[in-house]
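Next, two complexes with chain A in common: one pairs it with chain B, the other with chain C.
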Partner chain A sequence: MLFTSYSFILFLTVMFLLYYAVPKKCQWMLLLAGSYCFYAYSGIHFLAFILLTTVSTWYSARRITRIQEQQAAYLKEHKASMDKEQKKRYKASMKKKTKRWMLTCILLNIGLLAVLKYTDFVISNINGIFHTGLTFMNFALPLGISFYTFQSMGYLLDVYRAKYPAQENAAKFALFVSFFPQVIQGPISRYNDLSGTLYEPHSLEWRNISYGIQRICWGFFKKLVIADRLLVAVKSLVSAPDEYMGVYVVLVIFFYAIELYADFTGGIDITIGIAQVFGVKLAENFERPFFSKNITEYWRRWHITMGTWFKDYIFYPISVCPWMLRLSKKSREVFGKAIGKRVPVYLATAIVWFTTGLWHGASWNFIVWGMLNFLVIVISQELEPLYAKFHNRFHVSGKTWYNAFQILRTFWLMGAIRILDVYRDVPLSFRQVGSIFTTANWNELFNGGVMRLGLTMPDYLVLVLGALVMLAVSLAGRSGSVRDKLAAKPVPVRYLVYYALILSILVLGAYGIGYDSSQFIYNQF
Partner chain B sequence: MKKKRVIALLLLICLLIGSLWFLQRLFMPKYVDEIFEGRLIEEYYENAGGNDVMFIGDCEVYENFSPITLWEEYGITSYIRGSSQQLIWQSYYLMEETLQYETPDVMVFNVLSMKFDEPQNEAYNRMTLDNMKWSMSKWNSIKASMTEAENALSYLFPFLRYHSRWSDISTEDFTYLFRQEKVFHQGYLMRVDVRPVTTYPAATPLPDYQFGETAYEYLDKMVALCKEKGIPLVLIKAPSIYPYWYDEWEEQIEAYAKEHDLLYINFLELIDEVGIDFNTDTYDNGLHLNLSGAEKLSRYLGGILRETYGLTDHRSEPETAAKWQEKVNFYYEMKADQYRELEEYGYLKSYGGRKPEE
Partner chain C sequence: MEVLLEILKGLHPEVDFETCDTLIDDKILDSFDIISIITEINTEYDVAVPAEEIIPENFNSAEALYDLVERLQDED
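What follows is the complex of A and B.
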């Protein structure tokens, strides 16, 4: 059930009416029932997968908490009779038990994700390398499996690290995993952040409803007016790569950057807006990423919950694991302190970016995309001293024009890497980027080239205006909530904005017959 | 504060509903340029009631029969409820709807649409369904007609379908925002131009000649409905030589008519008897008849209907005659306009529906 479908809007309306009609203590149960109905709509058999992850994670976390409680009680009881060494041994034995539960659960769930998502990728590589004819399995991927698996595993690791105790109520935990607005494309929530507002009773509050609906409408605007309109041009450009080289690849980079931003942030706006309507607060996933001045900053501001997930649950554990510490020691001995200390950091970073790429999709395009991100980050860090010298020598730091240069540089660099998303394979992606420098066809842009991409002049006009509105809202958001600012305006102004927003979605939105309305790009991950 | 907020919200909702209503009217196709067929269905409501004969079907009725001729020759009042590629379930629901407005003495159904057993084309669906008045018949017709890509909601709120026309709005959309000019003659679309038949179609073999279950289901429903209302149902096959009418199809219709004791007339077998000359009586190489052909065919059918069903001659009824005289006048005006256009331009420029721009 796509967020932009009529059936979803009907589903949402019914859920909203029921939510504030049922007794408050039953609200979370209604959300659970609604979430499972929503999930079942994608295929009733997929419920088995999300149930497996839910039950296995809930049970394992509960067992881990039991062991931790048992340990605390035992140590308290035998505080006087145990020496330091005994305590250490006891703790180690208990840790081993919790670790067993944690690893078993992770293996089961990540294994399930890996089998469903990556089997055909592995088979295609085996067939390619060994010229075998292994049959593809063509497993259907359960809705949002990458998102809910990562969210559940994050919870499990937090419980394992004794950050908070496990949720005792299986149904409540099931809601955390399946909460319908976020199950398909995130944000990847943390249990301790989400559980507070997810389970607590909510009264009908004007502010939540109003702000939530505003956010939903804003998401619809970005998705339907901008992203789905640009999709037409992007599809035309990438479906005929031989025809569209040189300057057209620049267009692909630019158009796809805007499309992906409008699509993904639009989807997250709708998600957060829906949650707010139900009184639930979800984590923000973006912080004006296109204003980033370097790639590290960009990744702190784009898909924030995914970035922090990889940092907390992959990067840190790898960085401090025993074999990495040994490697660190060894590399310091071999390469010296300066270089040696970077080896484990860069190795952990490489692993993070490899898995990030793999998480995005089972193809070499995404793996290369991840590794290119890693490469740019490493080069940027290695060149840091050089940049510092340059900044000091020419006093450019903080200057508006230099900030603009850095922002544009990051935008185009990220855009160039990102086109691995859209072309069918890695060599083609590189060839296309290379053609920017080898194909001199800039004049085609002004000779009607852009009018052959399936968009009309009014479409481009809508896109320019839509992008400007998006930019203006983004700029306004730098100094505080745009909705707060709007709420402070006089009633006629405020309502005129609502009117214009709703009408522009309904009139200019690329939906219905005549438009190839796409699903959200991140639904596929 | 709360009261102010509620008032502002209500105003916003009213303003949105008003704007959407206006934009829906603006964006909906006006069918004033060539594709007049999109307006066939809506013209009926101004002319509903008092018809002896009701024709139901696709272009093979609204382009091949002239109700004005039936009136002039026999004093029979009639109307054609037809539209482009009108599928059999659409015909059934239009028949059902028509019976809410009037009870004709005879119902005539053209059987070509028996060849379709599944929804076909959104554009044709729209021409048939968009301008039907709201009723259960319309809703059922929508449900039966929708192709996979369509959504029933966009029939309830056509704005959802036509919003993408925002960039194609022309002056005509404003001119015909709240008014339409009359184009049809009791559901008949007049064409006086001539394009003779040059080749006769060959029968391309089909994998299966059997009419589908759905088509039969709706034909059964038509029979049952007419029986319930006590209206004789006449099945016809118009004398259009395209698309090809197969012998296997003919056999099925003949058998069905015999089984249900229905009168069935295949005009393809009566071309000489009717007097149709495909050198002069068609405007598109034999797909449809022109005015000359339609008048001949109507004259012939009128004779059968009068004799078989004893239809009353209304020409001696002053009120009916006066009403029909207006229709006759409009018919001859358009006929003269079309001949004038042919003479002036060599082709039909406005089809008489609107005066050509000077």
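What follows is the complex of A and C.
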């Protein structure tokens, strides 16, 4: 059930009416029932997968908390009679037990995700290398499996780290895993952030309803008016790569950057807006990423909840694990201090980006995409002292023109790497980017070339205006909530903006004959 | 504390680590810095900082970091 489909809008309306009609203590139960109905709509058999993750994680986390409570009680009782060494041994033995539960649960869930998502990728590589004819399994992926698995594993690891105790109520935990606005494309929530707002009773508040609907409409605008319209041009360009080289690849980079931004941030706007209508506060996933001045900053501001997930649950644990520290020590002895201290950071970063690539899709283009991100980050890190010297020598830091240069450089660099996501073929992607420098066809831009991509002049006009509105809203958001600013305006101005937004979605949305809004790009991950 | 301050100054000579208590909040230390600090602490103090201790409260100031080292040494 797509967010942009009529059936979803009907489902949402029914949920909304029921939510504020049922007794407040039952609201979270209604959300759970609604989330499972929403999930079952994608295929009733998929419920088995999300249930398996829910039950296994809930049970394992509870066992871990039990062991931790048992440990605390035992240490309190025997505080006086135990010496330091005995306490240490006891703690280690209990840690071993919690670790067993944590690892078993992770192996089960990540194993399930890996089997469903990566079996055919492994088979195709085996067939390619050994010239075998193994049959593909063609497993259908359960809706949002990458998102809900990561969210559940984050919870499990937090409980293992004793950040908070496990949720005792299985049904409440099931809602945390399956909450329908976020199950398809995130954000990947943290239990301690979401649980309070998800389970607590909510009164009908005009502000939540109004702000939530505004955010939903804004998401629809980005998705239907901008992303789905640009998709037409991107599809034309990508479907005939031999025809569209050189300057057209620059167009692909530019169009796809805007399309992906409008699609993904639009989807997240709808998600956060829906949650707000129900009084639930979800984490923000973007912070004006296209204003980033370097790639590290870009990844701090794009898909924030995924980035922090990888940082907290993969990057840090790998960087500081005993074997990595031993490796670092050994490297210092062999290669010296300067290289030795880089070993854990760069090795963990490489693993994180390899995993991030794999998470996005079971194909080599995503893995190469991840490793290119890693390469650029490492090069930037190594060139840092050189940049500092340059900035000091020429006093360019903070200058508007230099900021603009850094922002544009990051935008185009990220766009060039993202091309692997567009063509989905590694050699083709490199060939296409290379053609920018070898094919001199810039004049075609002005000879009607862009008019052959399936978009008309009014479409381009809508896109330019739409992109300018997105830019203006983004800039206005730097100094506080845009909706707060709008709420402070006189009533006629406010309603003019609301009507203009709704009207533009209805009139300018990329509907066309036999309209069927395209899938959100991040739904497939 | 002297050793720890030296480690920190080695990463960011321009920062006054004796007074600054917003090293994470103000994004002065990034994740690369944090891992460098942890590996240096491991070498200098022979203490392993586990991943669950990598939270802003433990890395926001040199003092908080030193408290963490002492606590981990005590637990060890």
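The definition used in the following text is that the second predicted complex is superposed on the first by the 519 of 525 C-alpha atoms of A that agree within 3 Å, B and C clash if a C-alpha of one lies under 4 Å from a C-alpha of the other, contacts with A are read in each partner's own complex, and residues count from 1 in each chain.
The definition used in the following text is that a residue touches a chain if its C-beta (ideal position, glycine included) is under 8 Å from a C-beta of that chain, and two chains touch if they have at least 3 such contacts.
These figures come from a predicted structure and were not determined experimentally.
Trainee: Check the residue A:181 against both partner chains and state whether it touches chain B (first), chain C (second), both, or neither.
Mentor: Touch partners of A:181: none, neither chain B nor chain C.
Trainee: Using the superposition on chain A described above, determine whether A:206 touches chain B (first), chain C (second), both, or neither.
Mentor: In the superposition, A:206 touches chain B alone.
Trainee: Between chain B (first) and chain C (second), which does A:279 come into contact with in this model arrangement: first, second, both, or neither?
Mentor: In the superposition, A:279 contacts neither chain B nor chain C.
Trainee: So in the superposed three-chain picture, is A:267 touching just chain B, just chain C, both, or none of them (first/second/both/neither)?
Mentor: neither
Trainee: One more residue to check, A:34. First (chain B), second (chain C), both or neither?
Mentor: The answer is neither, since A:34 touches no partner chain.
Trainee: For A:320, using the defined touch cut-off, is the partner it touches chain B, chain C, both, or neither? Pick first, second, both or neither.
Mentor: So A:320 only meets chain C here.
Trainee: Under the stated touch criterion, which partner chain does A:502 make contact with: chain B (first), chain C (second), both, or neither?
Mentor: The first partner, chain B, only.
Trainee: Touching A:6, do we find chain B (first), chain C (second), both, or neither?
Mentor: first
Trainee: Both chain B and chain C contact which residues of chain A?
Mentor: In chain A, no position sits in both the chain B and chain C interfaces.
Trainee: Quick check on the complex: what are the chain A residues that touch chain B?
Mentor: 6, 206, 456, 458-459, 491, 495, 498-499, 502-503, 506-515
Trainee: Which residues of chain C touch chain A once you look at their complex with the stated criterion?
Mentor: Per the touch definition, chain C meets chain A at residues 30-32, 34-36, 38-40, 42-43, 48-52, 54, 75-76.
Trainee: Under the touch definition given earlier, write down the residues of chain A that touch chain C in their complex.
Mentor: Residue positions touching the partner: 88, 161-163, 296, 311-312, 315-317, 319-322, 325, 328-329, 332, 340-341, 344-345, 348, 381.
Trainee: Show which residues of chain B lie in contact with chain A when the two form their complex.
Mentor: 4-5, 8, 11-12, 15-16, 19-20, 23, 122, 149-151, 153-154, 159-161, 163-164, 166-167
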